[in-house]
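Presented sequentially are two complexes of subunit A, the first with subunit B as partner and the second with subunit C.
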Partner chain A sequence: MNLLEIRELSVEFPAGEGSVKAVSRVSFDIREGETFGIIGESGSGKSVVGLALLRLLPANARVSGNICFAGKELFFLKPSELRKIRGKRISLMPQNPAGALNPALKNGLQIGEVFERRGIEKKEGMKKALGLMKKLFLQDPEKLCGLYPNQLSGGMRQRLIAAMSLSFEPELLIADEPTKGLDPEARAGAVELFTKIKNEYGKTMLLITHDLDLAHEVCDRIAVMYAGEIVELDEASKILHSPGHPYTKGLIRAHPRNGLVPLSGQSPSRIKLPEGCFFHERCRHAAVECSRRHPEIQNHKGGRIRCHLQFLQ
Partner chain B sequence: MRYFLKRFGFMALTVFAVCALTFFLMNAIPGGTAELILKHTFVGLEESATEEQLNQISSRYNLDDPLYIQFFRWVKAAVTGEGIGTSYVFRKPVLYLLALRLPATIQLAGASMAIAVLAGVSLGIYSALRENRISDHILRVATLFGVSMPCFWVALLLILVFSLKLKLVPVAGYGSLENLFLPAAALSLHSMAAVMRVTRTSMLETLGQEYIRFAKAKGLPLRKIISRHALKNAMLPVVTVIGFQMGNLLGGTIVIEKIFAWPGIGSLLVDSISARDLPVVQGCVLAIVSMFLLVNFLVDMLYTHLDPRIRYG
Partner chain C sequence: MDNVFADRFRREGFLPQLGEYGGEFAKRVFQRKDMLFALAALVLFAGVALFAPLLSPYDPNAIDLKNKNLGPSEGHLLGTDYLGRDLLSRILIGARISLSIAFGVVLISLLVGIAAGCAAGYYGGLVDECISRVIDIFLSFPGVIFALTIMGVLGSGIFNLMLALSVVQWARYARLMRGQVLSLKKQEFVLSAVTSGAGDFHIIRRHIVPNAIAPLLVLATIDLGHVILSIATLSFLGIGLPADVPEWGAMLSAGKEFMRTAPHQTIFPGLAITFVVVIFSILGDGIRDILDPHHEGGEMY
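Our next item is the complex of A and B:
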């Protein structure tokens, strides 16, 4: 059963004369209970996909496509219906925990407000939140509630946000770069945290990350994004151990454990995307065809891949 | 505690410096003080004051002493609580005159500030929420007029329209609410526009923050997001501007009180300057500066209250 179906999702931001093509015709499904990963280098459009799912993109974003969650078309929902889904059925753990907490409000208020107007008594909600915080390895939660966010460490803030996001045991949890900017110890903690969330709650998760180790640890399937497109989508183990797409191969090789061979070159301008394959300027296998015709994504050995090479051979 | 000591020390220093400046500047205006006092005392004596009479006056008020001694004597009397001099014109203690006039100024400045803050903040928020729509554009053009029109000009326009043409309120006078309407409106317009402008900018900036997006992701209704998450943070720069505007406004009372025959410190100051009634000028300046410093102190306290990251101690 698919919990979420994304079809031909495109997002553009107007920029001067033209527009930044942040996400181009992205389609994928997330099955119930699975952890789906999105990997790709910075700027590839991962966060924008995550935000689009909850309709949290800035007002100037031009969005097209369909997103179907549990049989509901998200883009057609009224604001009041949307609010019922946000935070309750779909939760988002944003990319930057430091920025996601309001510096002027105490932690207790910020976690407590999740329960507001949701048919839950304030006291009961607070109790639930405190229990959740304890479960997520936060010590002394009562004291934490009386503090302001800037009095917490990065790892603690992230757990606090995790606790907020899990308050209603959402059907879908979107976690954006949960290990970014954490020191090794906190990072190990975060990996532990997500393993725990996955095992204990058994919830469906969309994990957006740079961190191949984290992806390896918790993801069932992975989509690889490049310049706003999905270039490969497959079982996590296949993506990480025997990638098919030249970009994925490069990404894996750039990982410290595999010799830290960085991909040369830069990703293309998103205002004026190149003709042909978006990756052809950096691709070691690029053929003449690659700079002329844009490859479509196609089924290949049980996964999906966007490359001429696989089919030209 | 150390912060407060420093702060009060600084305030005392400011008051001292301003008083000294006023004192020496007033004495630098050509024309003997004794001569002026004489003219006020005996009407009709203008051109024929005798040497003897002048000497008599000079010694009564110690006007022959060097200026710094005169100033020192004044400071000493002020600090020991003896008073801050006696008016040459009214033959009354300056403190008595100030106490008589202070309520009117506080009433006018207070009403103007209240209008400026209430209207400025609410229009600023409204404008921010309707960013780039027609109503936002209209308001922004209006603020441009507001900040660029000097307050005496606004005052004259208001008198022309509301008193002379529409005959809704009296031209000038003091005592009833009707009388307060025009001077308060004229005085507040500039500050209102300034407050509105920063409120709009700051609100827009705050609404773009990540914690606002996260608050949306939590499923909070827009009204809650604005009142709880945006307002407090957006008010920080507004509070600073209100502090600045308070100085502006107190300066404005001088002209406005004169135009509307408002019996406050401002009109007293203007009258005593033209009468060369030095002790009263000195007293008025002292009162205005003290009010300004006091308000700024209160604004800073409010600031700390709003932003938990700032702690004076």
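Our next item is the complex of A and C:
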């Protein structure tokens, strides 16, 4: 059963005479209860996909395609219906835990606010949130509620945000780069946190990250994005242990544990995309075919891959 | 570094304990002797203004032509004006009028400015264009001349004066608020409020205004002084308040005829205006230093 179906999602931002193609024709499904990861380098369009899901893109973005959440077309919803879905059924854990809490309000007030808005008895909601905070390794949550966000550490803030986004038992939790800017210890805590969320709440999650370790620990399936496209989509262990696409291979080789081999070159200009495969300029296996024809994504060994080589060989 | 006053007040429970945000603010205020002094003077002024009818030795409008243009003496501490009215009584009652008009004007322009600035900054697009152009129009007139025109149309009176000065002032608040909202609405906590399904009004009230208000409060504090000056200016030009209302600017204006023979008639009201304006300037500067995280205030003197 698919909770979320994304079909041919494209997002463009007008820039000068042309337009920046941030996401082009991305399609994937998220099954109920699974943790789906999107990985890729900075600027590959990962976050834009996450924002598009909640219709949070700036007004000048040109979006096409369909997003179907639990049988509802998200792009055709009225703002009032959209507000009912945001937070309650789909919730987003923002990219930067330091900026996601209002510095002028005490933590308790910010947590309570989530319930206030839903017309749920505040005391009952707070009790639940406090329980959640305890479960997410936050000690002494009552005391935390009386403090301001700047008095918490980065990891604590992240857990607080996690507790806030989980307190409504959303059907889908989107976590946008949850380990960005955390030190190794806090990062390990985040991995632990997401494993716990996954195991104890069985939530459907969309994890947007460039942290391969986190993706490996937590995700069931992974999509790899490059230059706004999905280049590979498969089970997490298969992607990370026996990647098929040259870009995925390069991404994994660039990991410090695997030798820190950088991918040569830069990702292409998104205003004027190269002909053929977007990756061929940096690909060490590139053939003549690769610079002529843009590969379509195709089924391959149980997963999906966008590469000519898999079929030429 | 704390100081003796703050310590004593905290022990006696006048000040909130440290650790809370408000306590921190109060502590910083007490660290700065200039602000402490200005605050004490303001409290004194406000007290005088509040109890002016009890404190003033004479009826401020009682005309006594036999004793006109007297210098300071035991009977009349600050002397009398050209109609023999007691200057001290008039200055005391005048404090009440000046302060209440100033607070009224600043409150009205603050509220209107916040509303307009929020709407312009938050909704952007056509709303922003319209409100911003209106703000530009209001800012392009020289303040006093604009207020004079409005007063000329409406006629004199306390309420009309407040209205005229508010019309002149609100645009500055709106512009400042708009800038604040523009930078705040891109912040992640606003985004996360949107993702959790909050409505526009809720976001503005809960997340944007509390974070944007600090510079506006600084402007408002400094503006209190400016408004008192503007009231005095308008009264000096003879268009502010009716003649029987004792007001500092009107007193200056009346006294200037007798500058050579009885200079105290201009000196004392002038001093009163200066005092109040300086007090609000010091407070405004101090609040700005304290609220501005980039500038460590406190050790200026």
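Keep this in mind: the second predicted complex is superposed on the first by the 311 of 313 C-alpha atoms of A that agree within 3 Å, B and C clash if a C-alpha of one lies under 4 Å from a C-alpha of the other, contacts with A are read in each partner's own complex, and residues count from 1 in each chain.
We adopt the following convention: contacts are C-beta pairs under 8 Å (C-beta built on N, C-alpha and C of every residue); 3 or more make two chains touch, one makes a residue touch a chain.
If you're wondering where the values come from, they're calculated on a predicted model, not measured in any experiment.
Chemist: Would subunit B and subunit C fit next to each other on subunit A once aligned, or clash?
Modeler: clash
Chemist: By the touch definition at the top of the document, which applies to A:G87: first (subunit B), second (subunit C), both, or neither?
Modeler: Both: A:G87 reaches subunit B and subunit C.
Chemist: Between subunit B (first) and subunit C (second), which does A:C277 come into contact with in this model arrangement: first, second, both, or neither?
Modeler: neither
Chemist: Please write out, lowest number first, the residues of subunit A touched by both subunit B and subunit C across the two complexes.
Modeler: Comparing the two interfaces on subunit A, one with subunit B and one with subunit C, the shared residues are 54, 56, 83-88, 91-92, 94, 96, 99-105, 113-114, 117-118, 148, 161, 164.
Chemist: Of all residues in subunit B, which touch subunit A in the complex?
Modeler: For this pair, the touching residues of subunit B are 208-211, 213-222, 224, 228-229, 232-233, 306-309.
Chemist: Which of the residues in subunit A end up touching subunit B in this complex?
Modeler: 51, 54, 56, 58, 79, 83-88, 91-92, 94, 96, 99-105, 113-114, 116-118, 148, 150, 161, 164
Chemist: For a test of understanding, state which residues of subunit A touch subunit C in their complex under the given definition.
Modeler: It is residues 54, 56, 59, 83-88, 91-92, 94-96, 99-105, 113-114, 117-118, 148, 161, 164-165 of subunit A that touch subunit C.
Chemist: Along subunit C, where are the residues that touch subunit A in the complex?
Modeler: 21, 125, 187-189, 191-199, 202, 206-207, 210-211
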